[in-house]
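Dropping a structure here in structure tokens format, bear with me for questions.
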Amino acid sequence: MANSLPVLTFTPSEGDYVWTFGGAPPLARVKPGDTLELFTEDCFAGRVRSEKDLVTEVCEFPFLNPQTGPFYVEGAEPGDTLAVHFVSIEPARDWAASTTVPLFGALTSTHTTATLQPPLPERVWIWQLDRERRTCLFRAHDSDIEVELPMDPMHGTVGVAPANLEVRSALVPDAHGGNMDTPEMRAGVTCYLGVNVEGALFSLGDGHARQGEGETCGVAVETAMNSVITIELIKGVPTPWPRLESDTHIMTAGSARPLEDAFRIAQLDLVQWVARDYGLSELDAYQLVTQGVESPLANVCDTNYTSVAKMRKAFLPSGTSAYGVHETLRSRAAAYLAG
Amino acid sequence: MANSLPVLTFTPSEGDYVWTFGGAPPLARVKPGDTLELFTEDCFAGRVRSEKDLVTEVCEFPFLNPQTGPFYVEGAEPGDTLAVHFVSIEPARDWAASTTVPLFGALTSTHTTATLQPPLPERVWIWQLDRERRTCLFRAHDSDIEVELPMDPMHGTVGVAPANLEVRSALVPDAHGGNMDTPEMRAGVTCYLGVNVEGALFSLGDGHARQGEGETCGVAVETAMNSVITIELIKGVPTPWPRLESDTHIMTAGSARPLEDAFRIAQLDLVQWVARDYGLSELDAYQLVTQGVESPLANVCDTNYTSVAKMRKAFLPSGTSAYGVHETLRSRAAAYLAG
Amino acid sequence: MANSLPVLTFTPSEGDYVWTFGGAPPLARVKPGDTLELFTEDCFAGRVRSEKDLVTEVCEFPFLNPQTGPFYVEGAEPGDTLAVHFVSIEPARDWAASTTVPLFGALTSTHTTATLQPPLPERVWIWQLDRERRTCLFRAHDSDIEVELPMDPMHGTVGVAPANLEVRSALVPDAHGGNMDTPEMRAGVTCYLGVNVEGALFSLGDGHARQGEGETCGVAVETAMNSVITIELIKGVPTPWPRLESDTHIMTAGSARPLEDAFRIAQLDLVQWVARDYGLSELDAYQLVTQGVESPLANVCDTNYTSVAKMRKAFLPSGTSAYGVHETLRSRAAAYLAG
Amino acid sequence: MANSLPVLTFTPSEGDYVWTFGGAPPLARVKPGDTLELFTEDCFAGRVRSEKDLVTEVCEFPFLNPQTGPFYVEGAEPGDTLAVHFVSIEPARDWAASTTVPLFGALTSTHTTATLQPPLPERVWIWQLDRERRTCLFRAHDSDIEVELPMDPMHGTVGVAPANLEVRSALVPDAHGGNMDTPEMRAGVTCYLGVNVEGALFSLGDGHARQGEGETCGVAVETAMNSVITIELIKGVPTPWPRLESDTHIMTAGSARPLEDAFRIAQLDLVQWVARDYGLSELDAYQLVTQGVESPLANVCDTNYTSVAKMRKAFLPSGTSAYGVHETLRSRAAAYLAG
């Protein structure tokens, strides 16, 4: 690691995890420009370790989806934007777990899509991770079939303390970020979050070795992560809903129910982002986004559903986003990785 | 064109177009194995030709989204599946039109998401198509900005006569296909449609030089198309909702409101397709699809919203889909194109 | 019956029923001012007659919800409004049937709210109707419990041929009316339907001895009816969505998914009705309706969900609705009943 | 007032109000059996006093919907049920205010049903309350029209601290109660709330002189209230979602989006309540509720929408609800009022 980079390391003890956004005292104070090496536990708090470990037996509600943090960012105030850049996201174990959970997921009735039907059977799948070959091995329960999928590590949950005096469960995605569960939250990406309280109080967790779009059964390939992030603060620039930036795309993430409202939020935010930062009128941006946007779903199982809107930078008028920090963060990440 | 291929050509006259799925007499009778060269008019029936041609002034409701067809497929009966393979989809003009339409689109109130607000302004954008360079040129209304996007031609609408004695407007997507508006309906893809009435009575139209996922403003880059399709009939194999197959993916398309129901339909159909044709139990298929699926939206503006679920064939157990005709159709297409 | 009233009687034979709105030739031609004595079969086409008659075994899809009609109304043209006044709705049998139907109803997954769960068990309940005491007797399956509820007869389905060249299943509620399943469709009420095609082509059916609001399990206390209606035509006055009028209330019925869209349609139509016919601005009508409206659900189980908005006439500025025919129809009904 | 009744009086000072459920220290400790005389401020914190007081100018987000409380109930533990009986709800002023609020309400786009349209105009209506004649006088803005509606005082908001370590804005309705905005919360009614934290920490506010079902424009006839409640604790009986009981009905209230999920929650809870406390199987209860239920909407404008399911006690098998306290509370209320 380069000497010039301020790098902090956080490996939480069991009692250090938090289960909410907002409402918890800071784990540490950090500064814009800091790089953080973090350990995050899996969404089961590490309790699902074999096919016998049913969630309803080994987990203790509401102690699910442990977050590493929150971090108090010096100088962060409401109306600012926090940029969290993912330098690297690496599974901390050579296995991961996925499960069905009774009355949770997209292809079952739930506590809110309430029916008289009994829940689906509860199951655990243990996936083998080959961190060198970058693969995840699926073994079927009811047959001998095995399938290998590419590893594509990501964080399901990253967020700040919410607005409106609220404290939200770490299982909830909303305007403060949280449990958005988008596979776009991978290494190389910068996540922009509007600051709602002094210090921003961001945290993250819910590592997935990989996840399909929509997280259909409600649970991804869940594993602990060793992740490196580097942060920046954009003063005086508000961000209404979480935004992401990769080398190739700008992205927005809307979270709401019904799913069309999540779509509307993400698309409107993308249209307005394109209009404000790239010099188009709103109607022209509406037209251009309509023809150029990619719209992969993130989750259709959580408290709010999350829809992502992605626009390829090559499809945009040349111009600079108000954020203007992604390249800096990429350089800093490269310096760290070259470390 | 190879002599051995039965090729039929259809260039409808103005009075030949139909505006519904079901309820119209066949334009022609065709046979499984036939290849069809078709002209399709754009969704405006060709009436929007300049920025002055507002939809509400030049178009005549309900005469929108003209369909070329319907074609009566010899031997097709309820319980069969019709396979429509897209050999080529080529814009028939060097321009295309997109518009806003009052109270239509995802980022406006509509006749069903009804509010007291006035509609957005009505606008037309004429896109220039460069068919050699395969590009679509966007010119902003309210600034001098121009942006070039890649051409990616597709058909927004393909379907058969619906079940339940119904006749549906060509603007509607549902279990019979119809106006699904997915960019996945491009050349090289086979579309599987369950047959509901004798002869299937399929038709197609609504060519788009390109379209973003979700068709946010409600209107793509609309143009007339010269398209070539080749068809096959799979006897005794029902298909509940439209399915697609490319060289790399199998795909399902669910259409419903709210959008999460469209998602559920597509994901459940994909899970059950994987379970039945690839040897997994339903719960194992649920797990594998959850981790491997791509979930791009198709439209979030039409009478029903359409959600697509895509699974990479490389992520599936080796096995043969009950359809088993995609490779044959690809070969036939190659022979045609080698012509 | 008074001599002066033109009264027509229709008791369909088995082959006379129709299963759609639109797409069927008229059963008869009638005139504004006519009074019709009608027999309507129950939604099961009379095939569920005991607890052993499971819908999936005795009924034949799509031959459900038989309609008596359609009637061609002389002089009716698109842009007019047809007024159908319910003079009386009387059960034609001393029993009625209700059932669960697999994957149908609000408290089960369905073909569109699609899950991997198995359907609920299929059951039939036969209700005894005491037409003198005006009661419906419920007998529990799994215990000896019996409960008597008041009879409150209604028609679940009344509608005209739809717009946009469509033919819709009699199971669908939409702007053309159809299977709205609101308990407000009782004797003494006038239903206003916008005419979409020459002759209007209205029909009705789906009698319920009573029904709760929302039709939760998807099926009411279904029975054949002897009903008397009297009709009127309001020339040149369009009606966008079905409206109802009783002696005490004006009502609107919106049908859509998700349910909030059905609510929006009904409330917006009520606000605009109050604004246009009672002299308030739209914003003032929005305020007054907000504080005075009753919003009982009709169905949350059909292809579209239906939400009703009711405003007590005593809560409205004095004024005359553009329809102005309810009192005339009431008088005509009284004359018939006195007859 | 009878000497034997323990009566406590709370008139909060300006700094005493709280803006959340959960997250605030108790205002006072109370005991089961206590009767409380409370003052509640209106949802605008009393700042909208004339037609010139626009919400966006005089109110300070997030300081809306002030709650009187929270009250720590001695002995209340998770798994218990708190019964709050409304003895009386009386407007504390002779006027009330209603407004439009930009991007809030059912007939406008909102921050989540996001569109590119501008918001509706912002307006204030001041209603005159005649507390003797029990009327509310509406005066139109844009005409001379006046309409008098009956007064029907209610509390829009009553709730306890939420589960899952959360703190929710007082504007949110959910399983903990909160801002349900149902006109059923009137004097004579008992509200049952499941206890999530020690002491329950209940509070209430948001008095409405009257409100239509659905609270269409988002704002009722808002006024300060002098209310009297009396409370009871039912040990060891959990309540999953808020329930209400009047002399004539049992009721449930589900809050979620989309609105059909709120409906499903309320109807399922009613079915299960009827099954468990009145001796029917779940399927028999499903059938009986389907035919007997009333389903008035509460709000279709808040963070979650609220749907109420009501079953007339006369439609139920004779039996005793597990709560068994409504009659006691009614007697206590009568004693207080006779006091």
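Going by the order they are written in, the chains are A, B, C and D; count residues from 1 in each one.
By definition in this document, contacts are C-beta pairs under 8 Å (C-beta built on N, C-alpha and C of every residue); 3 or more make two chains touch, one makes a residue touch a chain.
Computed from a predicted structure; not experimentally measured.
Simply put, of A-B and B-C, more C-beta pairs touch at A-B. Chain centres here are Cα means. That of chain A falls 33 Å from that of chain B. Remark: chain B and chain C have CA centroids separated by 36 Å (rounded to whole angstrom). In chain B, 107, 113-116, 120, 257-258, 264, 268, 271, 283, 286 are the positions where the chain touches two or more neighbouring chains simultaneously. Chain-to-chain contact here is organised exhaustively, every possible pair of chains being in touch. Only residues 19-20, 22-23, 61-62, 111-116, 163-169, 171, 254, 256-258, 261, 264-265, 268-269, 271, 282-283, 286 of chain C touch chain B when the two sit together in their complex. Contact residues of chain A toward chain C in the complex are 107-109, 113-120, 258. Listed in rising order, the residues of chain B touching chain A in the complex are 98, 100, 106-107, 120-121, 123, 125, 136, 138, 140-143, 145, 147, 149, 210-221, 257-260, 263-264, 267-268, 271, 279-281, 283-284, 286-297, 300, 305, 307, 309, 315-317.
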